[in-house]
């Protein structure tokens, strides 16, 4: 009965959705006076940022990103609260099975390069695909690898908090510096440099580095919390 | 200008990131800093309100990009009013719960206050932002802090409530994204004012369908009828003050969002009728369900949902009087329902299931709390001379001016039911004998101050409604003046 | 400062002070309580002038206060009763719990009644009306017995009335753009026809609840008998008159302007007459003095409403006069019952007998009020009833007059029951310790009895204010013209004297009294009151066999078919049915998160499908 | 080419919508809490695909300026939906993580994952 | 042309893994199927000229989400039909 209702309603919903989006069309631009071109041109001319997505994420719509970082922060906070137990850090492991020596040494070998890759990704966020989120996630997967491989690998909770907080403070502070010096929150205060160079885009690079650290710390924290949730 | 609207978001976020650090050094800072931040937000909003009254709407651009490129925050009489209300309530909730969580470990208590602060911040962000995607981000902030706060008590069934909330919230956010994308694909912009200006260009069918998705998405947070299954559970299982925060802050933000959609973004006249229909169904269902509750907080929750339905009805009337009534009702509801949640959670403090029967005879043991609960109950029923009466009169007058006779009759009949279940509780407080041996918990000083200040507001507004009617008038005029909003945002001379 | 505002401030500030002075001492509290009632009365009688407007503008809706002749007349009842009952209350409440609570709500309700009468616009009228409602509600539940049932019933009925009124108020505002009563009256004639019917009917429902007219009366017996007697005196004497006050305005000022007015008048009059008849029968059936008087009150209010509803000048005069008289004698009777309750602890006829020697003053007050109530000359009740009959006959309402006459006659039966049950009969040992009630309680009763004696002989004392009130709303000068047409009028000018008819009725009454006396006399036998031997049956131990039990059994058996149908029960089962319905509908919230999500989907589908139609 | 684009049109939108519907179906009918969360995450994936598809431009290039294509602005695909999806993915992950932690706690509390058995709060 | 065929294949695989993920009673396989879905999705993103999103989806959707799901399954039960206690026991320890 329930399934029938669900199927019928999903059918109708699907019909409407398909109807809408086929009407919208694929691969064509529908609006004439949208903000797309403004973003593209401003990204190139004003900010000198190659990766327009980065320019949007960090600068044009940097406020969204601040919110997004906050969402992750909140998720890790809420998660810690949800899974909170008094005996929290008493070495409980939930590794699937002990890793073999090959895996262990492989992981040890891979870990620095993963972290390096992540750092590369977020440092070059404004030049190439990738950025703080991607880089941070990659670093977090590095930690994940270590956590899964080594039974006793532990990440200092306090260190995570430091990274997380300092990165967040850095982000907001850059925004506030923009607010106090230029009159607008998150406004670029540094020289924008030249296109396609590492030091271009003003504060974008710094913010993305902060985001990268923050995301890495938060995701590692989330994984750590969930992983050690075993009773 | 004394401050800027962006500080409403920047300062709490900064504080949220700082708190874990300071918490390592000085444990009490995790309680104190959120309070300071909330107080700061409240005073900021008051000072900005003063500025707005003199100089008109403040439009704050972010990252130096004027709309429609950048995100902007709009602090107008309308949004300013809601901001002031929310930050005030946020501060009161903090004040009330300052000692409430003393017995809890350090880490959960840190999380509690941090999440509370970000809940308020997210709600304020929803109200202030002038960008729909940014609104989505803030809605998510509010939702996730809501999930965290709901599941605060690990021993209760709070995880169940939080999961239901999350389930609905996740579906809602999906459809919100779809609606945003439909609009973006047609108009190429995400700025509310820009959308509002270009809306006539949009295909009618897509306009309708995107609004439908918006209503579904925002309706979940606004607790309209078929989407509010999560709400009573959350109100019941969340810590007492959080129920007040939901009723007073989160729902207000969601209602704001839906109102902004219908009044500013879209140009449908039929949407107002939809507001009335949805509001009426919500009102009827919630109030009738509340009649048969046996748990106090659940009853309050349904009552809150019902009141929100009434607010939707008032917004659906669509005239200036209607908006005035709706805003008045929102104000009253925020204050009164918080008072009821605060005093109610002390009346059933040490009880596990918090049944209504646990309030029996509390009038003798907790006289002040009981009187405050009674004042709240009378006010929310709409008995003069308490604050609730004026809003009820305003909404009925607005409806009568539009010749909605049946609507008036239905509202009044349902109001009788509301009176019945509140009075049943009041009767129990004073005229039943207490059966349990357990000693009722006396409210701590900070909680008492919070409750009494709310009670005083209820009385003062009841006797002297002119105190806020000017603000409400300006806010209502501001909401209805769509052209002015567009002009303010798009022709920004900064 | 304006005197009306001053009075209101005295009332409300005094109420709060009185409530909080409980902590200091009871004497201070009592003095504050009396002061709060007496000071406004003095201010009112000395300071308030007719037709002055006071505007309190603390809202977008300014509140207009001021006095009209009609409200002066009703304020006379309220203020007078408030002071007298206040004195009585101090005596009665001595040593009771929650005095502060009681006093607070007592004063609030008096103040609210004053506010109602002084209101010149509908919003302030409603505000004070609601304050009066919840204050009296809080007193109804004061005893803590059956609060959920009786209290909620009272509140729900009041709320139905109040909200009907509120609906009329906001509709009025939508039609005239203002809340002023004068604008309502002046604009009423030009509205569209539906509204001309709807608004008076809604207002009548609102007032009818407080005046306890038939289908809306179900709260009254319980509420009257459940609140402390010192408040019931106000409840029945003054508070119910607020409904009458409103009805007078509706009938005098509004319904004269619409063609359907006559129909509505007749319907209301008939409902009132049925109320009077049936509640009289119920009153006869009661074994508890409080409930008896409660039903009696409803019946008496029925007479008043008949007079007001018929609306000829004479009938109006009769109704308003009866309103005053009812306030006087019914309050006295409630006070009497209260005094008896205070002294003996019960109000059950089957328990108490023979208090006449123990409480002679109380008995005297009871006797006089009962004579007044029954409408026996030469007391005030007679004048009112006579005028009512006369006006009904003059306006060709013969069926009505029959019904009223029937219930009025039947009222003798319960009057007799009160007098006999409490005071006459043999003294029981159980009650030998009973003393006369304290002076604080006796004096108000005696004063009120004197008033009802005086008004029987000099009704023109209050005819003048009534006349002023009626001419204010456009009635002809009844005092000068109509009064002379009445058979009651005699050649000695304005003073009333007993015409032969009055003497005749009095003679009949005396004959009946003598007959009853002898009938009882012949059976005189010295047995205890609880011992009556029935023919051959051996009474069981636990059966209460007082002779007052089943007093009017044969009569009641005769009228039983009428009484078997109780509106009360229908309404309660209706309410129960509604609650059961809600119990069913709330199962939509079945606790399963997935179901909620499915609801959301269904909601979405409905909106999607209907979307095109919904948004034009 | 037009024809193929048409096929792609239907295919991309169709599969995005289909993903959403599959996800919704799982979320709405499956009893296991983890399945429900899984359904929600598939629903999210569908929406993300939908959003990216809306921003796509025929023969477009990625919105990244490189030394060669600095003047090819008008053939770049729309970067805004990409930015939005970026945000949405991260938010979706946060929600999923919270949801799963709630699931773990629910299991601890009720010792079951069946959603129709976890309904202590009702009516 | 080859892109179109590739895209269509990917989409088809995506749908298939989504259906498998919903249909499969063994939650572990279901989760892995959803991870594969994300992988295909990120390739589709790449084809749709969204490298940033593809990278994010690959990192978050494929790696982190899957891992978190797996951890959650480890902490609860592995099979959708959890009343089959035998299966539960054999897999938890």
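Letters A, B, C, D and E mark the chains in the order given here, with residues in each chain numbered from 1 onward.
In the analysis below, a contact is a pair of C-beta atoms (placed from the backbone, for glycine too) under 8 Å apart; a residue touches a chain by one contact, two chains touch by 3 or more.
Just so we're clear, the structure is a prediction, and the values are computed from it rather than from any experiment.
The chains that touch both chain C and chain E are A, D. Chain-level centrality, scored on Cα centres against the all-protein Cα centre, points to B.
Across the two interfaces under comparison, D-E and A-E, the one joined by more C-beta contacts turns out to be D-E.
Put simply, the C-alpha centre of chain C and that of chain D have 69 angstrom between them. Chain centres here are Cα averages; for chain A and chain D they lie 16 Å apart. Rounded to whole angstrom units, the spacing between the C-alpha centres of chain A and chain C is 74.
Averaging C-alpha coordinates per chain places the centre of chain B 29 Å away from that of chain D. With touch defined as above, residues shared between interfaces to two or more other chains in chain B number as follows: 133, 137, 140, 144, 147-148, 151, 154, 159-160, 162-164, 167, 171, 178, 185, 190, 205, 209, 232, 289, 292. Chain D has residues 8, 12, 18, 20, 24-25, 27-29, 33, 36, 50, 53-54, 56-57, 60, 62-64, 80, 82, 86-87, 90-91, 93-95, 97-98, 100-105, 118-121, 123 in contact with two or more other chains. Listed for chain A are residues 2, 6, 10, 13, 16-17, 24, 29, 35-36, 39, 51, 53, 61, 64, 68, 71, 74-75, 78-79, 82, 129, 133, 222, 226, 229, each touching two or more other chains.
Listed by chain label, the pairs that touch are A-B, A-C, A-D, A-E, B-C, B-D, C-D, D-E.
Interface of chain B with chain C (complex): residues 160, 163-164, 167-168, 171-172, 175, 205, 207-209, 211-213, 215-216, 219-220, 225-227, 229-230, 232, 266, 268-271, 273-274, 285, 288-289, 291-292, 378, 383-385, 389-390, 393, 396-397, 399-403, 405, 408-409, 412-413, 415-416, 419-420, 423-424, 427, 430-431, 463-466, 469. Taken together, the chain C residues at the contact with chain D in this complex read 586-587, 589-594, 597-598, 601. If you check the complex, the residues on chain C that touch chain B are 57-61, 123, 126-128, 130-131, 133-134, 137, 141, 144, 147-148, 151-152, 155-156, 159-160, 163-164, 166-167, 170-171, 173-174, 198, 579, 581-583, 585-586, 588-589, 593-597, 599-600, 602-604, 607-608, 611-612, 614-616.
Of all residues in chain A, only 51, 53-54, 94, 96, 121, 129-131, 133-134, 137-138, 140-141, 144, 219, 222-223, 226-227, 229-230 touch chain E in the complex they form.
Those residues of chain D whose C-beta lies close enough to touch chain B in the complex are 20, 24, 27, 33, 36, 40, 43-44, 47, 50-51, 54, 80-81, 84, 87-88, 91, 94-95, 98-99, 102-103, 105-106, 109-110, 118-121, 123.
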